[in-house]
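Shared between the two complexes below is chain A, which pairs with chain B and chain C, respectively.
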Partner chain A sequence: MKRLRPSRWNAGQLLQARAASAPLPPRRPFLHQCQLRCLETETSPAETTAIPANMTSSLDGGAGGPSSSRSRISPKLSALHARLSLPKTLPLPTLARALITPSANRDHGANNKSLAVLGVSIINYHVTEYLLCKWPRLPMGVMYQALRGYVGPESLGEMARRWGAEAAHAPGPEVDPGLLQWEPTRIVPGENWGGYLTREELSGFDRRAGDLDVHNGPQKIEQWENHAFASFAQALVGAIYSHSGREAAKQFVESHILSRQLEMGTLFKFVNPLRELSLLCKREGFEAPIARLESETGRMSRTPVFLVGIYSGKEKLGEGAGSSLQMARKKAAMASLKAWYLYSPGNKVRVPSDMFKKGAAKWRAPHIDCGEVIT
Partner chain B sequence: MTVHGIRTAASQTTKVKNGVGAFILQCKKMEFHYCDWAGSSRGMNGFIKGILPKFAAANPQIEFSISPRPNKHPVVTGHYINGRTKPVCVRNLSPYEILEKVELLRDASGEKLTKTNKAVTSTKDSVRGIWSPFHGKGEPV
Partner chain C sequence: MDMRALARPAAELLLKRTPVSIPLITTRSHKTTARTKRSLKIAPHDSFLPSRDGNASQGDHIIYNPPSSEASPFHTPFIFLPPEDPRRQAITRMRAMKGSAQGLVGLGGQTTEKLPPLMNKNEGKKARYHLTPAHMEEMRKLRAEDPLTWTVTALARKFDCSTIIVRTVAPPPKGHLEWLKAKEERRIARYGPAKLKAKAERKMRTEMMYRGEI
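After this line comes the complex of A and B, so read on.
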């Protein structure tokens, strides 16, 4: 049985007549709300009188969310704040708001949706510029998978769990503000913005994998849970950005997200590596690649091994071992292509956002590649 | 386009390296149980009155909870991020002996205790590479 929530009645939802065929409500500017919310956490009640009445009801998180005074005395919340070494300028009520997902509270003035949208764009910006500068030759498909490996809901959800964030059994106003509030309901992408998909939402979903299919979309409860935990991580970055600024948010993304380990070489899948390698050599003006048998054992036995190296003139591009000559040649071609695509200027590569720092050294353009081989 | 990105369970989640970039203390909660009457809790009561406030102030990343457990020995329980708990019975211990136990719980990772046989445990491949019979000049027989 669904619980009645008298606290929600204040928001004026039940007092208004609502026809079944009513048009969609106009989109509210979320950044405006976010700004007001940030103000609310710091200003006194006397100052907030300037805010329209319909806004203030949503700002204090009264509709199902923890109130500002309760979040200040929650030991879980302050422990989480200290565990993540969050800046002191980030108040506890904002951290509490980041823990309320839209599935638990549909009021965008009280849930973490607006902060998460802000946070996703900041995370995506920093991760993308890092990937582009560190591996300038990554093919587009691999680039997207790498991006998903860093900022996808699975990664961010696991990261939030490893921060020690716990989920409440069921959302509600009586729940400790230090617990993540979410409900296993279907996530419909673009639901909150009148059917439009934001770019940030698109980056979290994969159209080919069926994530955007509303009827057959993510249905497993683990996926919903991942999205809920990920939204906390995203909203936290948004909150740090709005309270402590650009540098603090960048530092947080670098230390928590970019410090994770992703094996870039495992993301490649080649369709016709031999053809691609010869086209690459042609494009770059290298000599045509030649495969040479370098070593072999047990040709007539049940378990032969061939070692094939691929040469362009005198330069060895790569080598591979296989149980047949064809397989070894293909493996060698794949190794050569990976060696090309995984070129990196080094670990200390500079990214464009480094230039925001005061006294930064003069910018030198990073290596920009002409792109993958198109066959 | 002949290169695709692979989407597998392994590629979707990057590996966490706690301490590289950010360090998250793995002990997230500590529970202290005491008894007002029993003699085995004498040291625990002294610890709660004298040492615990300073310890809690020095470790804000841990949530502390204190509750009576009448007619039982005093217990300190650590709760960890990986979901495990570590209870330690501190009966008849002095406050400073209890502090040692509490520090042990704070610094623990929450994993089961295992014997480490290798000097280095790494998530990355060996830099030197494994030996291959197909490379080098080979050993003369």
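After this line comes the complex of A and C, so read on.
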């Protein structure tokens, strides 16, 4: 290995690196900026016209929530607002209200329930249209799992934690308005909503996974906590939508939720891949799939490896390697099915909500598949 | 007991001949740094070096080593692409060009004439439809009379058809499947812990395979 000798570096090298990069802007004083933001949210005339009168009146906390004046001087709240680069039209009292879950305050005029229900609709709308345009052939079960992976309570809860939201030890009117207030108490789902399960309660859970007991809610304390943090994320999207409009909410969802990577290939589980593949080929009018042995090694040994490819006529659909011929064939069939289901028109797909932009190009309908293979 | 008594003098003899301090197998070691370095200097494998082929690109390129072991399902095969997809049109155009079909293995499947051999000889066999209603009636009769002699395999061999047809055409008499299942359960009940564990692990591996984890 060559030794580094900084003493022998000539001055030109060192200077060059600095000259190429842009000069750093002077750092602005944080507190000054924060105060400015608070002042703007309080007295900006543009903002007062933008917010409907009933919304401003409901922003003040109710009996259990923090009052409007307290939320305006909370450094935690201002820091959260600045950290998330939220639009300036979103006032701090609304952010404070998004942090109060229904378990901490039953008063629906003061908790984040209404904002969360709105936010869930916005989030689900954007994520579903993205999934449909990006992966047009996903089976319904995988689609639900992908939806859960993007907007499930676990994902949104984790996201809210990474934003820096912290939970208060116990909810109450005296806690800092910048802290999330929640309590692991049971709320009967239909208590205040006319006996219906809300969409939030239905979308977040997977009934088959056994974590929804309709009458008792989540089972463990971690699930309660995830739901509390997730409701903050949902309520925040609802608040952005109501204060700053459709485009701001879409941008927020895209940059925080849709920007995350979800491994679609790992969500599949097959029951009878060979049968499913032959049914698929029959439905689509392809030639019947035939397994061909591409290569093999150590057939009579302890550790053989077979590489089997599945062909429809002369076209190769997929290949799989396994320690037995049957295993390799099944894996090849699963790879072929995944190749069918994971078709994507491209990395940059257009979604219907892109048409709201001014001067958007003419809409071309995406590829919509006729559905999954029924075995 | 007497075996150990016999072996003991032999072992003592061995111990006396080879003291512990001297290793049994002598190896040549490199006493100096220079020699060690020289002995460890091995040329890299050819696959790490840029290709000496004249056709290979001379600029910056990626060396895949080790090569990717599994084909990605995100590369859609040619026939799975919908008609309006631009990739489909591009591959069709490229295939139409003479002499370029050989280089298209990675781009939407093979178009070469020579295909690999079949995995087993019955693969892709066409249905013959050679069983008549009389055959099926006889098959049903035999199965109902004596399901132990005329098992599914025996019937398939007799009528020269697949076991799937036998299972569909001639279902077993009432209670036979339950009896077979109980027999199987009695057999499994005699398993020891090692066999039970092996069975459970086999089942777990199959499930993992269906989930694409192995």
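General observations
Keep this in mind: the second predicted complex is superposed on the first by the 301 of 375 C-alpha atoms of A that agree within 3 Å, B and C clash if a C-alpha of one lies under 4 Å from a C-alpha of the other, contacts with A are read in each partner's own complex, and residues count from 1 in each chain.
In this text, a residue touches a chain if its C-beta (ideal position, glycine included) is under 8 Å from a C-beta of that chain, and two chains touch if they have at least 3 such contacts.
Predicted model only: the values in this text are computed from it and were never measured.
Judged by the touch definition given at the top, the superposed model places A:R275 against chain B, while chain C stays out of reach.
For chain A, the partner that touches more of its residues is B, with chain B and chain C as the two candidates. Contacts of A:I374 after superposition: chain B is touched, whereas chain C is not reached. Judged by the touch definition given at the top, the superposed model places A:P139 against chain B, while chain C stays out of reach.
Legend: residue contacts after superposition of the two complexes on their common chain; A:P345 is shown touching chain C, with no touch to chain B.
After overlaying the two complexes on the shared chain, residue contacts for A:A321 are found with chain B and with chain C alike. Of the two partner chains, neither chain B nor chain C is touched by A:S301. Contact with neither chain B nor chain C is seen for A:S69 once the two complexes are overlaid on the shared chain.
Of the two partner chains, chain B is the only one touched by A:H256; chain C is not. Judged by the document's definition of touching, chain A residues 266, 268-271, 273, 294, 321 lie at the interface with chain B and also at the interface with chain C.
Chain B contributes residues 1-7, 10-18, 20-22, 24-25, 28-29, 60-65, 81, 123-124, 133-135 to its touches with chain A in the complex.
Every residue of chain A that touches chain B in the complex is listed here, in rising order: 75-76, 78-79, 82-85, 139-146, 148-150, 152, 154-155, 158-159, 161-164, 206, 209, 254-256, 258-263, 266-273, 275-276, 294-295, 297, 305, 307, 321, 337, 341, 372-375.
Note for the complex: chain C touches chain A at residues 69-71, 73-82, 84-85, 109-112, 115-120, 123-124, 209-212.
Interface residues of chain A facing chain C in the complex, by the touch rule stated above, are 265-266, 268-271, 273, 286, 288, 290-294, 308-309, 311-312, 314-319, 321-322, 325, 327, 329-331, 334-336, 338-340, 342-345, 367.
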